[in-house]
Each structure stands twice: as structure tokens, then as C-alpha cells.
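For reference, chains read A, B, C and D in written order, and residue numbers begin at 1 within each chain.
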Amino acid sequence: MTHLPGLLDTEAIRKDFPLLDRTVHDGKKLVYLDNAATSQKPRQVLDALNDYYEKSNANVHRGVHTLAEEATALYEGARDRVAAFVNAPSRDEVVFTKNASESLNLVANMLGWADEPYRVDRDTEIVITEMEHHSNIVPWQLLAQRTGAKLKWFGLTDEGRLDLSRIDEVITERTKVVSFVLVSNILGTVNPVETIVRRAQEVGALVVIDASQAAPHMPLDVQALGADFVAFTGHKMCAPTGIGVLWGRQELLEDLPPFLGGGEMIETVTMSSSTYAPAPHKFEAGTPPIAQAVGLGAAVDYLSAIGMDRIEAHEHALVQYAVDRLCQVPDLRIIGPVTAEDRGAAISFTLGDIHPHDVGQVLDEQGIAVRVGHHCARPVCLRYGIPATTRASFYLYSTPADVDALVDGLEHVRNFFG
Amino acid sequence: MKLDSMYQDVILDHYKHPHGRGLRDGDAEVHHVNPTCGDEITLRVRLAGTTIEDVSYEGQGCSISQASASVLNELLVGKEIDEARRVQEVFLELMQSKGKLEPDDAMEEVLEDAVAFAGVSKYPARVKCALLSWMAWKDATAQALSQGGTTSTQEGTA
Amino acid sequence: MTHLPGLLDTEAIRKDFPLLDRTVHDGKKLVYLDNAATSQKPRQVLDALNDYYEKSNANVHRGVHTLAEEATALYEGARDRVAAFVNAPSRDEVVFTKNASESLNLVANMLGWADEPYRVDRDTEIVITEMEHHSNIVPWQLLAQRTGAKLKWFGLTDEGRLDLSRIDEVITERTKVVSFVLVSNILGTVNPVETIVRRAQEVGALVVIDASQAAPHMPLDVQALGADFVAFTGHKMCAPTGIGVLWGRQELLEDLPPFLGGGEMIETVTMSSSTYAPAPHKFEAGTPPIAQAVGLGAAVDYLSAIGMDRIEAHEHALVQYAVDRLCQVPDLRIIGPVTAEDRGAAISFTLGDIHPHDVGQVLDEQGIAVRVGHHCARPVCLRYGIPATTRASFYLYSTPADVDALVDGLEHVRNFFG
Amino acid sequence: MKLDSMYQDVILDHYKHPHGRGLRDGDAEVHHVNPTCGDEITLRVRLAGTTIEDVSYEGQGCSISQASASVLNELLVGKEIDEARRVQEVFLELMQSKGKLEPDDAMEEVLEDAVAFAGVSKYPARVKCALLSWMAWKDATAQALSQGGTTSTQEGTA
């Protein structure tokens, strides 16, 4: 066993995750390296779900009966936990959505329907980057198409970093909103928030941060980020599918118009007009993902008990080790920073001219689960002139042995197609 | 029976025989709604200098919200605004205590009949009912003071 | 024990629902009569969720590894099940959303952004009814505000039915869309679909049906309904929270523009423009509610195994019994049809001038869970000049003993406030 | 080893030594994309009356999609359109069989090298790879016929 400084006690942690015991293909031990796509769930989260459904399940907010009060307390309690997890100044700034994609679409739609000074229209510009996940590209393309606003973006350097050399020309007085990813899901790059936020604030643009690959892996402090909105998604951070988060600054959530209309989000309704509840409820139309929020609350408790700083250190050590070992695999080219500095736990690479699909298939046969394709970030593949990548991504339960298995597996791939 | 801690006789009394119900002349009028249950109140405040001369109200709601408005009328009419504000704050504190605050003599002296609502604070869904008229009063008083006496209507949330 | 013809074997069924064993307030047996708000979940559905998370959890659609293939098969298998459950001509007509509210907002937004002949704009009219749930009012109010279209609606008769006497004046050549509830969640009324659909088709208007209170309780056949879109929600039909369904006619789903943009819903993305995947994926941006869809599939299996026609008969018998018994309670006034004909399993009522909040509180103390308030259908309360109602609503596990408990409980309420 | 059922030698051979690769003159051209993995193919069909004179192609993709295009070229060039369509249908049937169809002699006669793809049909995520060029060919042929020979580009989905 390889020992690296900073590693967590993965032997203990892995016991919490029932799925990690699984075998595939006739008894091969599963090596799960697809954490950037979704994480596995600890027993503690599954217990919280079962407890909710077996003991307290009811619709929230509108009942005086015991179950309804319990369900409401659990749901709103999850909001408190998430608010604390990201150091939100107020719990009312935490909006529950169905995933990060909805969170980002929510912001784009709010800004499209907003009054001045927020309104995005044909005289304004939207800025994103070339390393965004499709979920932080398409909503802005749609907004641009529908409002006539201009969509601009930061390109990438050969090293897999944002090219901010012309930042003052990209973000200008016409820029209404700048939306960018904190940690890239394909390149692994951690972006320089401060530089971008400073320039955006200079011109009075709103800042949206896609923290989908950050919230699971490092301490997240929305106040320290200085952004106006931060989006992330539950399923990548030990929580159930079906829940996402949008954090937004209180006065913005108060000023901006609603997105989806329906039950829960209203103050009073007549046939001809309605008034809306205060945030966060204004943005939570219909029966919310109650059990999923409860699960997210349990996930946040689980992660916090271990410590986000320790999880970050664990992954940092592992990425360092993985980058070093992968660099020794013949014909392997890392797409993204070839260092562990300012780098998250997802490592994309190509292997000679063996197509990632083939790489993934042969690895799978050995029990190693990696993701292959464009990882919902096709512009990055275009930028680096490749059709796709193979991506290995780690989490708190990943081990040096997982990295070793991957490296051995790649050797096998090379032989297979050699 | 636990229910008795919410529905104290004092509360049921106020509910059945409300004090000062009905709308009379006022310096400001507000309309507040509890969106979760549809309880509504229209409330007017009339001031004489810094004294609360009248609080008149009309509305739809459960026994808790109705009784609470009645107790408010009984407690606040005739008081100086500053003193009334203190009463309102103590009442708010009690209601947000989740049943964990045992009213002491000092609190009882300030709140009089309103201490009977201590039991309601255990029921989160009903706390808003108890607070509806108090939030409306606070809002109306602020308006009466700032507008120097013009009557207005506005929607707000308890 | 009261025996009524047509009842299900509730003794056996109730064993499937762990929560129904719960007691409240120091050992009082729970009598759960809040099924119109949300249903309880059978063991079979919870097992499906746990199985998914413990064995096959992965992100869908983009992986070649074993878990990803299993998760995709489970998720898409749930789509097959739901398609069969509502007799959809094609599985590709089933879009998974987060709840019925999102489904309805999705339609409203598609029509707002659509090209002709579907586009809703200032020269067109939208028709709804006065008995809609807020989730089928507010999306259309927002659409009307944003496009300049005119919002019209059918009023209600004193008996709690739709007033269709002026149907030709309400639905006109200018009408682009007619959206109405199949079964009212507050009045219990089952609406005459055929009459409305015939008139809508005459003028070429699209028909949207809110089947949130129908799908859980009766056989649903989207082809027989003749609608263009049908929306419903998982949590009311034994499935988890966090999942809803929009069924739509294939050619409409093909022609209409997407709503949320992001991962999963694209065909190909460049920085400046994107093309979209075919339906249903076009409307499923981001990681979908995977586990929740699997749970919905299990729920649909569970309900189908019992038989939707038998569930309908069970509830019909129970509603008949409940209406009869409730009519004997002094000062009790049913808001909605005072008959079991064309009537669902939700019964709203007032009790003298005792406020529903107080009714609900005193019932809760006896273990009886009912809902009180405007039930997200405030215009109905305004229409009948009442602030709120108390609502008892039944499901496949409800029994005549539950009705008896309710009637006894109401007697206690009357004494308490007498 | 199970993997060998997918990566048959025939397939790896075609992958390493593709037949007819490269774009040549054609009557119609299509561009198809597999959105789940980004595989792409540009494919041209040239007809001589009802005979397929050439199928030329260029693209990016995995061994399965590349080998499949090579096999297609080998199998269909020189065939009558109707016969080629039959081959395409049999191939589609095989690929959608989820590994449950054991190719018999009759099928082998029709599909020749293409029977080697039987193993791929067990892997749902890869079926689309194998079908990409075949769908493109079907589309291009339809266009070549309907347009009576004008060249065009269009986006489609495999």
C-alpha cells in the first residue's frame, strides 16, 4: 500500500459506502473513478432517506398535523445545514432546485425577465468561459438568443487554464453577468475567482459561479468568493439525485422575478393576479424535493464531520500521486494542468490514438469505472483538437491503490490495442 | 391533554368575545396575509401624539389569530408607543421560543393575558397565526408615524 | 368493521406501508387522511431506491462502464413503465421533470418561445378554470404577463362543477391553449374532459390536462383523453418526492423549443450555438432525478399489480361512505359535489364557523392527519366565500374505519369549541 | 475473456486497416453525430443507376464505429440498393438484439464480416457506435435518390 501524507482513513470511510463493495464482471473488485459524474452515497444518507419516508413523510409548509410539521422541520432544517456548509449570511439565501443545471437556468431566466438594473437585453453582454460545462453554456446561449444580448467568453491557454490576458476587453461596461466554473469537470482546473470577480465588480456585472465540482471537494464560502450567485448539485456530494442548490445574495433574490410559478411560491392568488412569497420560497414552485433535501442535509453533515479541508488535502495528495504516475504511462497526454496545484480531482487524458471509448471499455472489463467522451464540455475538446477524453476522478474514498489499478489497467489497454 | 396548553381558556375566551373588533377611524391601515393558511387581517392604528388611542381590526382566521388580535387590542390601547413596542418584542420572543421559554413573573407582568400563548409556541405552523396581528400592528404604527397621519393600504407578509 | 362492496384488502396493503404503523401524540394510532397532499410509500418503492443507491448508482447516458449502463437501463426502464402506465403511444413522449408544477411550467414556457402555429402572444388567449391548483394558474398568469396574451377561465357552479354553459364564448378562435385539472384537489370534482377537448379541437387550441390527482387514483389513458399534454407528479402516487412527468404528443415535443438548457439535452455544442437531442432528452437538462425515476417505476409496478380500476373502485366506495357519514355531522358543509359520482377521493368541508386551522389542530391531537387551508386553490375559497377548508383525502390503504375516526374526531372538535 | 466477444479480431483488423476510408466524389453527403460520445462521421454515397458505386467516409470515433464503417464499405459497395437495404436491416436487427440473437448461417451469409458485431449488441452504450455509419449511409442514400444527385450536408442523429 502506498502511503501519502494527508490521506484520510479510507478504510473506515469506505465502510460507509455500500456500493463500493460491489464487484463487476464476474467478481472483479469495483474501482470507481467516475466521481466527477456522480458520487456514491454513504449509509448515513440512505438512512436519512429511509427514516424520512418511513416516519415523517408528508407535504411541507401547509399542514398543522404532526407529520407535516416534522417534514417541514426536516426540510427547512436541511436548508439551515446547507446555509452553514457554504457560510451563507442567511438561510433564506439558499434555494433548493432539482440540480445545478436548473440553478443556472434559474439565474439566466431571472435576468432575462428582470427590471433594470439587472435586465439582460440586446444592448448588454454575457461573459462565460470556454471550459464551462454545457449546463453553464446553453442557458446563456438561450438567454442571448431570446434577448439579443451578446455572448462572449474567455478562451483557454495550452496549459488548460483560463486566458485572462484580455480580461478588460472581455468584461466591459456592457457586461451584465459573468458566469464561470470554479473547478472544471473536464480539465480539473481551479479558476482564479478573485481576478474575475474584481473586474466584474468594477463594471457592475453580476457574478455567477458554477461550484458543482467545488462544493463536494473543498471548503466553500460564498461570502469569501464574493459572487452574487453560486450553483451546485447534490448528487456529486454524497447526496441523492434530484436536488440542487442555488445560493443568491438576499437583495437580489428579493428584487428578481420568479421563474417557475405554482404552489408554495405564492403569497396570495386570485384568478387575475398573484403576489409572491419572499425568497427562498418564491423560487421553489410546487412540492419541493423534500426527501432529497433531507438527504442533502445528511450528506453535508457527513462531509462536515470528516472536514472539507481534510477532504481537500486527501484529494490533493491523491491527484499529485496520480499525475505523477499517469505521466509515466507511454503515449498518455493529460488534457489540463500537468500539476496538482490549483487543480481538482478530475484528470482527463488521451492515450495515443486509442479512442477513449475503447479505453473505457477495456478498463471496465477490469472493474475500473472511468468516464469517456466530451464530459458535457465539448468546446474544450474542440479547443484541444481531440474528439474526447478518458477521465478518472477521485473522491474522499479514493485510494492510491485505485490509482495503481488505473495505471495497470491502462497498460493492459495499450497491450490490447497494441 | 396537550391541546389544552395551546387552547388555554383565556385564548378561547378572547376568541369567543373579541375585544375592540371592527374597523374604526385610524391614522394608518394595513392588510396582512398569512400565505400558508390564508388568514387575513385589516388593521388600523390611531395615535394621539405618542399614545396609542385605538387599534381596530377585522379579519378572517383561526381562534389563535383572532384571540391574538383581541389580546393585542386589550394590551396596547392606551399605552405609549415605546412601551407597546416593548410588549410586542417580548411577545415575539415568547412566540419564537419553541415552547422552551417558561414565562416568569416579569414576563407575565408585561404580557398579561398574552402569556397564555406560550403553549402555541410549540406548534410552528400556528406561531404565524399568533403573530399575524402583531406584525400588522407594528407595520401600521410605523406607517402612521412616518406618514404623519395619512391612511394607506399595503400588502405584507406576517 | 364496516364492509363495503368494492373495497381492497387494506389489511394486506397497509403492511406494505411502514409509515402507517406510526403513532403520534403519545401512542395515538395515525389516521392519515392527507393523501391529496402526498401519499405514503410502500416498502417496494423504498427497496427500489435502496437497491439503486447500493448497487447501481451512476450518472446516466454518458458512460460505458457497468454501473453507468445499469443506471441508464434502470432510468430508461422507468420511462417504459410510465409510458405503459398512461398508455402512451411512444416511450419518447414521457418527459421526467421534478414535479407536476415543473411539467406545467415547461408547457407554458415552450408555448411562449415557440414559433407559429403554437406561439402564444398578444393576439391570443389562454383558457384555464377557477378550480385549478395554483400550479396550473400562476404559470399561465406569468405567460400572459410576459407575452401580452389574455387569460380567461371557466367559473364554477354552486355544486362545485365547471360552468361550461358559455363554453363557445370562453374557448374561441383566438384560444391557443386550454389547460384544466382532471380531478380537483380541493373540490374532488372529476371534470368532463370530452366536452372541453372537443371544443378546443374545434378551434385548434392545444389541450393541457393536469392529472396530478388522477394518475394516482384511476386508470389514465392519454390517448383516450385526447389531450396534447398531460402532467402529473410522483409523490402523490406512492413514488418519491422530486419526480414529475410531462407526457406530450411526439410531434409537439419535436416541434417545440427546449426550456432548460444544459447537459443531457444537447446534440452538439459549440461556444456560439448548440443543437438539441430529440425528445424526451431535449427537455431533461442536467442530471435527471435518476433514483426518483426508478422509484416511480417501482410505484407504477406496485399500483398496476393491484390494478388502477380496483383502486378507483375502492376509493369510490369509500368516498360514497364518507360523503354519507359527513353529511350527518351537524353544521358540516361539503365544498364540492355532495355525491360520489364524478368525484375523486378528496373531500373538503367547513364545520360551522370553527376555523379549519382549529379543526385540523384538534383532529391532529387525536392522530387524524387532514389538511387545512386553501389547498393551493385560493380562487375556489374566494368563489365560495370561505377563508379555507378542512380536507380529508383517501388512498388505496384508507379504510371505512378511517372515515369513522374522522367523524368521531369532528364530534370532538365541535365539543371542544362548543 | 468477455471483452473478446466485442473486440473480435475481425473488428480490430478493420479498425487498424480500414477499407475505403477518405472522402471521394459522391451524389450526397451527410454528417452524423453520436451526441452521447461525440463520435462523428461524414459519409458520401455515389450511385450508378440502382447500384452503389462508392461509399466514402471520414470521421472520428472508437474502434467499433471505425470498423463498422469499414465493414459497411466492404459489404455494400457494388451492391444493388435494394439488396444493400436488406443487409442494413439485418445488421440493425442484430445490433438491437441485446446479445440474444445467435447469428445463423443465413445471417452470416448476408452480413459476412459484419456478424462479428454480434458481441457488441450486448453493450447498449456501444450499439450506437456500431450503427453510426449505417444510419449515415441510409440517410445519404435516401438523399441521393430523392435529390437525383445533388450534394448536400445535414446534421442528423445516429
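In this text, a contact is a pair of C-beta atoms (placed from the backbone, for glycine too) under 8 Å apart; a residue touches a chain by one contact, two chains touch by 3 or more.
Nothing here was measured: the structure is a model prediction, and the numbers come from that model.
A.B. asks: What chain lies farthest away from chain B once each centre is taken as the mean of the Cα atoms?
C.D. replies: D
A.B. asks: In angstrom, rounded to a whole number, how far apart do the mean CA points of chain B and chain D lie?
C.D. replies: Chain centres of chain B and chain D, defined by C-alpha means, are spaced 77 Å apart.
A.B. asks: As a quick test, compute the distance in whole Å between the mean CA positions of chain B and chain C.
C.D. replies: Distance between chain centres: 38 Å.
A.B. asks: For chain C and chain D, what's the span in angstrom between their mean Cα positions?
C.D. replies: 46
A.B. asks: Using Cα averages as centroids, what's the distance between chain A and chain C in whole Å?
C.D. replies: Whole-Å distance between the two chain centres: 31.
A.B. asks: I need the residues of chain C touching at least two other chains; which ones are they?
C.D. replies: 25, 62-64, 68, 266, 268, 357, 361, 372-373, 378
A.B. asks: For chain D, write out the residues touching at least two other chains, lowest number first.
C.D. replies: Residue numbers touching two or more other chains: 36-37, 123, 126.
A.B. asks: Chain adjacency by touch: line, ring, star, complete or other shape?
C.D. replies: Topology of the interface graph: other, matching no listed pattern.
A.B. asks: Strictly by the criterion at the top, what is the full list of touching chain pairs?
C.D. replies: Applying the touch criterion to every chain pair yields A-B, A-C, A-D, B-C, C-D.
A.B. asks: So in the complex, which bits of chain C are touching chain B?
C.D. replies: 25-26, 355-358, 361-362, 365, 372-374, 378, 381, 387-388, 416-417
A.B. asks: Please name which positions on chain C make contact with chain D in the complex.
C.D. replies: Interface residues on the chain C side: 61-64, 68-69, 72-73, 266-268, 275, 277-278.
A.B. asks: Inside the complex, what are the residues of chain D that reach chain C?
C.D. replies: Touch list, chain D to chain C: 33, 35-37, 123-126, 155, 157.
A.B. asks: For chain A, which residues are in contact with chain C within the complex?
C.D. replies: It comes out as residues 18-19, 22, 24-25, 30, 32, 34, 37-38, 40-41, 46, 49-50, 53-55, 57-59, 62-68, 98-102, 104-105, 113, 130, 133-139, 141-142, 146, 151, 153, 233, 235, 240-244, 258, 260-266, 268-274, 285-292, 357, 360-361, 363-364, 368-373, 375-376, 378-379, 382.
A.B. asks: Okay, in this complex, where on chain B does chain C touch?
C.D. replies: 1-3, 6-7, 12, 36-40, 60-64, 66, 123, 126, 129
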